[in-house]
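These notes open a run of structures that come right after.
In the two complexes that follow, chain A is the common piece, with chain B as its partner first and chain C second.
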Partner chain A sequence: MTQLSQVAGGRGVSHAPPSGRLRDRARPWLYLAPVIVALLVWVYGPLVFTGVLSFMDWNLTAPHPSWVGTDNYTLLTDDPRFGEAVRNTLVYAAAMLPFATLVPMALAVALWKRPGRVSNVYRTLLFLPVVLAPVATAVVWQFLLDPLSGLVNVALGWFGLDPRNWLGDPSSALYVIVLITALKVVALNTLLFGAALATLDRGLLEAAALDGATEWDITRHLVLPHLRRALVLLGLLSLVVTWPWIFSNVAVLTQGGPDGSTDNVYYRMFLYAFAFFDAGTASAAAVVITAGLAVVLGLGLLLTGRRQRVVT
Partner chain B sequence: MSSPSRTDARPAPALVAPTLVAPTQLAPAPVPARRGTGRRIARTVAHHAFLLAAVAVMVLPVLWALAVSFKTPGGVFDENPLPWPATLDNYRVATQDFPVWRLLLNTTVMAAGATLLQLLFAVPGAYALARFPPRGHRAVEALIVVTLLVPPQSLIIPLFLMVTELGWRNTYPGLILPQLVGTGLAVMLLRDHIRAVPATVLGAAVLDGARPGEALRMVVLPLLRPALGAVSILLFITSWNEYLWPSLIAPGMEDTTIQPGLAFFLTQEGSAYGPLLAGSMLATLPVVAAYLLASRRVTDAFMHSGLR
Partner chain C sequence: MNPVRMATRLRRSPRAGIALIAATTLAALTACGGADSPAADAGTDSSSDQPITISFLSYNYGTPDIGGQGTQALIDAFEKAHPNITIKPQGVAVADVLTRLQTDTAAGSPPDVAQIGWSKMAAAYELLPIVPVQDIPPAADWDAAMEGFSENLLSAVAVDGKVKAVPYTISIPVIFYNADLFRQAGLDPAKPPTTIAEVKAAALAVTDKTDAEGVYLAVADPGKSDYMTQSVIASNGGREVGADGMPAFDQPAAVSALATVADLTSSGAQPAIAATNAVAAFSAGKLSMLIGSTAIAASLQKAADGKFELATTGFPSFGDKPAAPTYSGAGLAVLAKDPARQQAAWEFIKFLTSAEGFTIITSQIGYLPLRPALATDPKYLAPYFASNDLLSPALAQLDDVSPYQSFTGKNASKAVVTLQDEAIEPIVLRGADPAATLSAVAGDIRGFLAQK
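Moving on, here comes the complex of A and B:
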């Protein structure tokens, strides 16, 4: 019986018979060891390594690093381009937020309201931006946004608007990158909101409808509250997971330009490391990014009162 | 109108069971039937207009890439969006002048390897956390969740140096092993799925004398097959679309994966847009196929996750 309660969902090991106690106590750690070791080696080790490197001067092409104290951080604060990258990063994150939360939530609710074959077709088509190759995504938008013949400018022309060089103009380039990337974010998060909705009991809503609740009542008081947790979680996670997509678009389309207007901390870090081969400064940038993100996520969780169970 | 309640707008009126209880007794129609019908039609139109508009925007780049991949070199910059006259030349150039098959093979090995490796590490851990969590399981869970909040890009420098030190540049281990960075997500998703396996099912197995290891192999894993499929597809798509890591660790024309490889079509002398997009279609097809085969399951992967 003891074993049953353990294997079948029991929590404690305290009731184990004396003979098997040590083994029972060691067993979970045996199962957990691989993943703990993997994360220590590939996440926590590198995190510490980055911290140490940020106090070193290490040209990646030279053999030996040397200790330079906080010089790398001074270099960052003195570099106006890094300051601009930080500001741009905040604009990126803020501009992306509705595309990680409200837009996909509206789409997921609409799909969920009328289940069936038609909605499944919509759902599949809406996921497509995620699977389009990153370089292809960027190149297609280069076509569509072409200042002269691009479809976007042609379409704007139908409404009497003048063509613009959307990616060549420092005042619009960042927002264009956000919009291009937003397609992938919306696609993924629509699926995730859909998963959250799949656990909502339709019978409950039928009952509410029978009691005379209007469709808006049901959406407002049952569906949206059910999604609040997903909303907070996906909003915060978008601060972590959208950067690879933004990165590939910036790398192919603008390389941070024009005038550094699409630069961000991740792209700048990449430049420090792999264009200037300056591992120390790049690591200092990585530390600033990680610490800054930790503060933002911490504040976000604190403000939304969801400290205990983020993903667990 | 068979049922005046508003629920009949949904295609599942059976749940209202109109044959058992006359709905009119429970919910008298709050509006005259005719006005209700008109409003319902308007609502249906608005519903489809909203979703069709979204689909149009979301699918446009994909269709555009598909169209250009069939255009002649002269037609690439045409204002005519349709690929007419159509040609397979771009696919020929992509597969003959560029090592696209080789890159697709590399990508397949990397993505499959990374997926299997992450599952191998994640399943036992998830099982332990779901079924016999040790005393310190909260700390372990915190250790895992924190890894989900670290942007992988901020680890790229130490990972690059580690892989270089191990002599793994331009190798499959160098491409695959650092992707263990993402194992935490698989653990958390699978833990929630294993928790959803009814305790009685497991209990029966244990009463029959199964040890935890046997219960995992003979009861949990078979029951978990749909969830494993869903999580696998998710991990596979993520790995398949990886761009930055392969471009740093295996930049060579023959050694890299398809995502950075597509950038070879963009050169200073001139960019081969047609072949690039043809190559990207070849890179997209396997993922679309995987998604179509199990699109419901991909949603299910998150069913028991903390999203609800």
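Moving on, here comes the complex of A and C:
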């Protein structure tokens, strides 16, 4: 049958005039052209340019960037601040993971199980941090965490706890940034888990309950397996999409300090480029970050794919 | 489309496009300027009577506070006095000035006049096509325009004897103090401390007898500016930067100066908090002294109104050495290439730094009048100083200011950030050993400043 179709198709093509064949072949490319051009200009072009720039010494205005080979990469590996930024980035990612997965999943399930007006109010309140401007949120936190008169320390004082300089202490600053950012991440991911739950048939759950399944049994064996893909996806996405929020909090609240404790590779790249005007080293950092992310995301997808094959 | 604008755009080099792509790639998290070409808005006729529009990049412009209002008042007054010259102002965040100028220059459209902070000025001279302002007018015109301007300041900012950027919004550090807290602590507000030892004693008196904090010397600046570091070191007879542009802050006088500031913290006279928190505490009446720039005088006065009596005194000396504060703030630089634009830029700068200009700058924004005689001139600022003497101590110290020193080479900005982040803040706020820390950071900075 397939062969017949191919033969028939081949005859059809061979009977068309050459100009018509060309037009038929070109048509899909014409439809695709705007997207392809946009991708080349705005994504792959700058990506290639960044790669080339990582082998150059350029301050953004010099007329002739000079070729320095792998010097920028050597500078990165020799710079203890970049090493510290890499370590901090891993801590950020690990600390942020529960807030991107477990916490919003639990909240989404709780809200989904109790539909109604109260649930909708909670959902709206939870989502509110997402729509607030990141810098404005950071400034509000600056006031709340003021070591002398901030509301956080005042509230802790009611329970007899001593005030702390939350953002000025290297042992706490990174985790405070994580918690502040987590509010947005939890809010967004709760909404996304909620969207995943919307496709779950409540009739199944009622049937299970009639068969004597407890609330925990239903959650454990019906709801959570349904959210497995969303869990993996949002976990991997959190490695990519949370950084702009972390960046704005770091830029406003700590500028990478104290003692580099809140620095990370993205903020360091910004410093290289726009505080030190070293576009070459910044580009090298961008290439390292992209390669690192590609490896992590590739491994994640590989492991997820294997697990799914084993399950099926 | 205006033919001049179209021709200008067509003449742009391909490199501009490449630079923009690079800037876009690297600036995913920052606002890169999208300034129009300066030539886009006016002709290039050099005749001074022809209408011309020049662009002005200012970090004060566009802000909702007194800085924005004062800058708009300056522009309005200039345009009224020079109807043929139109100013096209562009706002920018203070931390992004050099970045914006870099990207605009790379794109082929730098502003004609820019307000640039002194801590970034050396890098700006090195990176940007700045035309020395003193080179634009004839010598006689320059001399006439600068008559009455603080000579000490002009010579302090000169590079190889030439003024490249004219001092504009200048401030120097002073001691702001809460006279009410002084009284509560048994101190006489009429006799404020004049040395750093007296500052410490007064601060400890306040912490002993009131619930307030003592003093905050804002040397760990969140903007990564080192003007206060330079002020402290110079007042102790040292230098942050040597004559060769290399670190000199590991020398005994500098180490001793920073150890003295660190002692304020370790003794309890100074809280170990960030400068922004200290300003908030002072504004709320919970800190008795704040040693900071006069740039915040107006906002502190606003905060103090109806709450406490605010007063100022000069920057403290270290022992018997004379106080030698360094100025901070900004100068006006010209990036216009076209002679007609350069001439219009000079007219604009001449106005901004004239008696009329400084009357607006001081009375509406709160920066120092760099023509000191205006403070007693009834036509200009005498009425202002009669009712507001917060700037008087700073004005009195204008003749003692020490020149702002800059590190050498392409990594100068990195050197300042490294010094502030890895030496000054840990020493002053977290008890790091001054000598060892300054020595280690100086070695690090020497290493990357020496790189080609």
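Brief remarks follow.
Just so we're on the same page, the second predicted complex is superposed on the first by the 274 of 312 C-alpha atoms of A that agree within 3 Å, B and C clash if a C-alpha of one lies under 4 Å from a C-alpha of the other, contacts with A are read in each partner's own complex, and residues count from 1 in each chain.
Everything below uses one rule, namely that a contact is a pair of C-beta atoms (placed from the backbone, for glycine too) under 8 Å apart; a residue touches a chain by one contact, two chains touch by 3 or more.
Just so we're clear, the structure is a prediction, and the values are computed from it rather than from any experiment.
In the superposed pair of complexes, A:240 makes contact with chain B only, with no contact to chain C.
Contacts of A:149 after superposition on the shared chain: both chain B and chain C are touched.
When the two complexes are overlaid on their common chain A, residue A:124 makes contact with chain B while staying clear of chain C. In the superposition on chain A, A:185 makes contact with neither chain B nor chain C.
Of the two partner chains, chain B is the only one touched by A:116; chain C is not. Once the two structures are overlaid, the count of chain A residues touched is higher for B than for its counterpart among chain B and chain C.
Residue contacts after overlaying the shared chain place A:277 against chain C, while chain B stays out of touching range.
Judged by the touch definition given at the top, the superposed model places A:255 against chain C, while chain B stays out of reach. Once the two complexes are overlaid on the shared chain, A:203 sits against chain B while remaining clear of chain C. In the superposition on chain A, A:194 contacts chain B only, with no contact to chain C. Comparing the two complexes, residues 45-47, 49-50, 53, 143, 149, 244, 247-248, 266, 269-270, 273-274, 279, 282-283, 286 of chain A contact chain B in one case and chain C in the other. Within the complex formed with chain A, the chain C residues making contact are 15, 18-19, 21-30, 96, 98-99, 102-103, 105-106, 123, 127-128, 213, 222, 224, 271-274, 276-277, 280-281, 284, 286, 410-411, 413-414, 417, 421-422, 425-426, 429-430. Chain contact summary for the complex, chain A toward chain C: residues 45-47, 49-50, 53, 58-61, 63, 142-143, 146-149, 165, 167-168, 170, 244, 247-248, 251, 255-260, 266, 269-271, 273-279, 282-283, 286. Within the complex formed with chain B, the residues of chain A that make contact are 3-4, 6-11, 13, 24-25, 27-29, 31-32, 34-36, 38-39, 41-47, 49-50, 53, 106-107, 110-111, 113-116, 120, 122-137, 139-141, 143-144, 149, 151, 154, 183, 186-187, 191-196, 198-200, 202-203, 206, 209-212, 214-215, 226, 229-230, 233-234, 237, 240-241, 243-244, 247-248, 252, 266, 269-270, 273-274, 279, 282-283, 286, 289-290, 293-294, 297, 309-312.
Across the complex, chain B meets chain A through its residues 5-7, 9-12, 15-16, 23, 26-27, 30, 43, 47, 50-51, 54-55, 57-62, 64-65, 68, 77, 79, 81, 120-122, 124-125, 127-135, 137, 140-141, 143-145, 147-162, 177-178, 180-181, 183-184, 187-188, 195, 199-200, 202-203, 205-207, 212, 215, 237, 241-244, 248, 258-260, 262-263, 266, 271, 273, 276-277, 280, 283-284, 287-288, 291-292, 295, 298-308.
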